[in-house]
Amino acid sequence: MKKVAIYPGSFDPITNGHVDIIERGVEIFDELIVAVAHNPQKANLFSEKERVDMIRQIFKGRKNIEVDSFSCLLVDYVARRQAKVIMKGLRFVSDFEYEFQMALTNRRMNSQIETLFMMASEPYSYLSSGLVKEIASLEGSVSGMVPKLVEKRLREKLQKKGKGKKDAVS
Amino acid sequence: MKKVAIYPGSFDPITNGHVDIIERGVEIFDELIVAVAHNPQKANLFSEKERVDMIRQIFKGRKNIEVDSFSCLLVDYVARRQAKVIMKGLRFVSDFEYEFQMALTNRRMNSQIETLFMMASEPYSYLSSGLVKEIASLEGSVSGMVPKLVEKRLREKLQKKGKGKKDAVS
Amino acid sequence: MKKVAIYPGSFDPITNGHVDIIERGVEIFDELIVAVAHNPQKANLFSEKERVDMIRQIFKGRKNIEVDSFSCLLVDYVARRQAKVIMKGLRFVSDFEYEFQMALTNRRMNSQIETLFMMASEPYSYLSSGLVKEIASLEGSVSGMVPKLVEKRLREKLQKKGKGKKDAVS
Amino acid sequence: MKKVAIYPGSFDPITNGHVDIIERGVEIFDELIVAVAHNPQKANLFSEKERVDMIRQIFKGRKNIEVDSFSCLLVDYVARRQAKVIMKGLRFVSDFEYEFQMALTNRRMNSQIETLFMMASEPYSYLSSGLVKEIASLEGSVSGMVPKLVEKRLREKLQKKGKGKKDAVS
Amino acid sequence: MKKVAIYPGSFDPITNGHVDIIERGVEIFDELIVAVAHNPQKANLFSEKERVDMIRQIFKGRKNIEVDSFSCLLVDYVARRQAKVIMKGLRFVSDFEYEFQMALTNRRMNSQIETLFMMASEPYSYLSSGLVKEIASLEGSVSGMVPKLVEKRLREKLQKKGKGKKDAVS
Amino acid sequence: MKKVAIYPGSFDPITNGHVDIIERGVEIFDELIVAVAHNPQKANLFSEKERVDMIRQIFKGRKNIEVDSFSCLLVDYVARRQAKVIMKGLRFVSDFEYEFQMALTNRRMNSQIETLFMMASEPYSYLSSGLVKEIASLEGSVSGMVPKLVEKRLREKLQKKGKGKKDAVS
């Protein structure tokens, strides 16, 4: 039977840390579904469609990587896709505790579904979408932190929003 | 002298984790006062009155459990109630650090008052009011995570608010 | 291609927490190899042979669970067994940091090998082989913490060692 | 060559914990620049000008302490001021992880700049600007937590804002 | 009914951090039993008798503080003493995880017994018996870290052991 | 006045992580003294003399790096060398807590001496002398983890000790 894993997240935007986890995950499973969470209550910089489109372009032509979005409970989405595994990356102790909570809750809601974790590779262990947006909004370079395409989209997006909202990174 | 402990919190809404701490605390002290914090700046789902009412119904008929609310500094409330002990539950390392900070600050403000901690029981160590609301808002079942009454109130409350504001749990 | 995962450890002795990870892991991979580390420098209670034998008996008749031992670098063993995945359980933040270090080191030594983590189930999140031995040496019951067979072997082993070496658990 | 260190922060408002780090830092470096972050997106209680003014008054007459503000990337500000060292205080594990992330990111953006950390002194290890504002807003005393001047300004500021927005500290 | 709490530990030797927890605990409970763990497998500096004697002298004349020792499972000792509460101090995150494990294990073995935690006061949050012994063995002053009596006994004990075994504290 | 910092440690043996901290530290201070702790109670692989010699060879010709050893309390050594600053690297949360404890203790013993911390660079954040020895003892390659000279010395040392004591790394 084909082994399918779901890699869920906000991906606002996708970083090289996410890309690293995807590339490593697809080596282990037969198919990896990158699942963008539809979360209208969060103030995302990129719309759900923009987030999905960017990831699709980055992995264009990759047969065993699918990009999708979902707007229900993650475990319900995973069951609907007939997958049994959720993949997550771990960077920090604080990640760890939140993910621990989510993994236990998800198992409680559906004991057929397992969450597997990978440690972030060193060069990406400090990366987060939030940090990338903060740096870009202050006109810092995020080169090497996100794929080229995302770098370009971030610049376009932030130019549109104007420069009135900058925050010093300290 | 009667030994009174105060168990403060937002309880928005009360979970089975809170109930577990209350049931264990009342075994140790002669009286336990569940004290709902009046915090208008937080965007609570339930009003202060609703939160107090739910807890009162859950512990109806229990002589040594009182439910109250407060809108001042916790240490001032504790002193006014002539109690000497604040009870708190600990789940995570992040809990621990925040609670450490609050316990030290409260002792500094009133050295007569002591904060005692209990470790959350395993089945509740991952539970939080926020997680419960997140799951309920996505129409997931929170059965076993909150008392039956809270489950019902959550459903009513979320139906009123409509379904436009759902967030995917990832 | 058959997906094989290695679950390494000291297993001195195997606990129900280990059993839980093995049972969950075998649902994800086609074959799971439980690999007992030969570590003569550690003062183990059970010999390598005894540890292997206990695990073999517990999983007797399970076609996709193999029990083996190794005395070299873990990555070399994994490569020799033509596996690509190391499975580990995570219980605590301290686990997390040590496992983070080991996972990064192992990837550095062999980038073809990936380490995947599962969170321990709640009832086992506090369990460790060390704790089990400590309780047993004080004649406490470890029922529910280890398989029946291990309970029996622990009792036999500790009776032989006599009672001169007890430590109070505090 | 004169050794200059930058001590950046929001300082909304400055606490005795910040003052302690500044006094200790100036013993090590020839000059310390306290750099107030201009962050219009954060809902600060005090304006940038107010925050800078309070710190200037507190360190008035101190030749090797300069107070400044910045509204760009911190590393760009540090380079512009021809400094090589960023100084930060550490209080908690959560501080540690965030600061770790920022220090690695800043080194990545400018490898000439080093971040050095000092552990907060015990009496201040639980202090934060947020906690101070929370206590003051509930009419608790923050004496000993902030300089006298800040205590006075907090009182004035909070009287202006009225009392309608109180939150119970629990 | 008289409320009795047990405060267990190695106390090798008792520090001012332990004394602080005892003094605070006795304000909450009617009686506090300081219970010295008999642990012959640990290489203690002071014998069980010496550890008990020092604590007895320090709390001489205090009616509601008893000093005792135990050599069985802690929960068995607590039950035998007809107490329901174990008291522990918390200093660090690492403390927290170990104590979490022990509290859950003890509740599992005897659900009638509850463990309550107090946060160490700031001046003692860094103290441990091990650190005290390390400093004393290098002829550093431990004044303010342990009671005067313990300071004296440490000096006597270390003089007897000679100076051949010093370790640099780094 | 010349600014001197002390970088203390066991260095058994020095790793590339240590080298990184030394190279970065010497950019900030006028002189850096690498201070090898004389700790006969620890079972070091290399003698104090061997550890000092390796570090001396690695930094031969570097005018502002001195290599020394000490066998007293660190603060006494720092005072004797007329330095005011202790430098340490931080890698993990567990490092953080231990170092927090040591920094507070050292300030208590000598308030003139300050401890400054640097975050380990990513490629070295997982490295420790213990890990290096463990890998080398299993005949794994530690290339890139330690300087070439240390790699050679490790090989010689472990060949002498024979192969009877190997431990599997898991």
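Things worth noting here:
Note that the chains are named A, B, C, D, E and F in the order they appear, and that numbering of residues resets to 1 at the start of each chain.
The rule we apply is simple: a contact is a pair of C-beta atoms (placed from the backbone, for glycine too) under 8 Å apart; a residue touches a chain by one contact, two chains touch by 3 or more.
If you're wondering where the values come from, they're calculated on a predicted model, not measured in any experiment.
Counted as hops between touching chains, the shortest connection from chain A to chain E is 2.
Shared contact partners of chain B and chain F, listed by label, are A, C, D, E. Fewest steps needed to get from chain D to chain F, stepping only to touching chains, is 1.
A centroid comparison over C-alpha atoms places C as the chain most distant from chain D.
The interface formed by D-F recurs in B-E: of the pairs listed in B-E, E-F or A-B, only this one shares over half of its residue-numbered contact pairs with it.
On a Cα centroid basis, the chain most remote from chain E in this structure is A. One finds 38 Å separating the Cα centroids of chain A and chain F. Computed from the mean C-alpha positions, the centre of chain C lies at a distance of 33 Å from the centre of chain E.
Shown for chain F are the residues that touch two or more other chains, namely 93-94, 97, 100, 104, 122, 125-126.
By the definition given earlier, chain contacts exist for A-B, A-C, A-D, A-F, B-C, B-D, B-E, C-E, C-F, D-E, D-F, E-F.
Against chain B, in their complex, chain E makes its touches with residues 3, 24, 27-28, 84-85, 90, 93, 96-97, 99-100, 103-104, 107, 114-119, 121-122. Remark: chain E residues 93, 122-123, 125-126 touch chain D in the complex. Contact residues on chain A toward chain B in their complex (touch as defined above): 8-10, 35, 37-42, 70-77, 93-94, 97, 100-102, 104-105, 108-109.
Across the interface of their complex, chain D is touched by residues 92-94, 125-126, 128, 131, 135, 138-141, 144, 164-170 of chain A.
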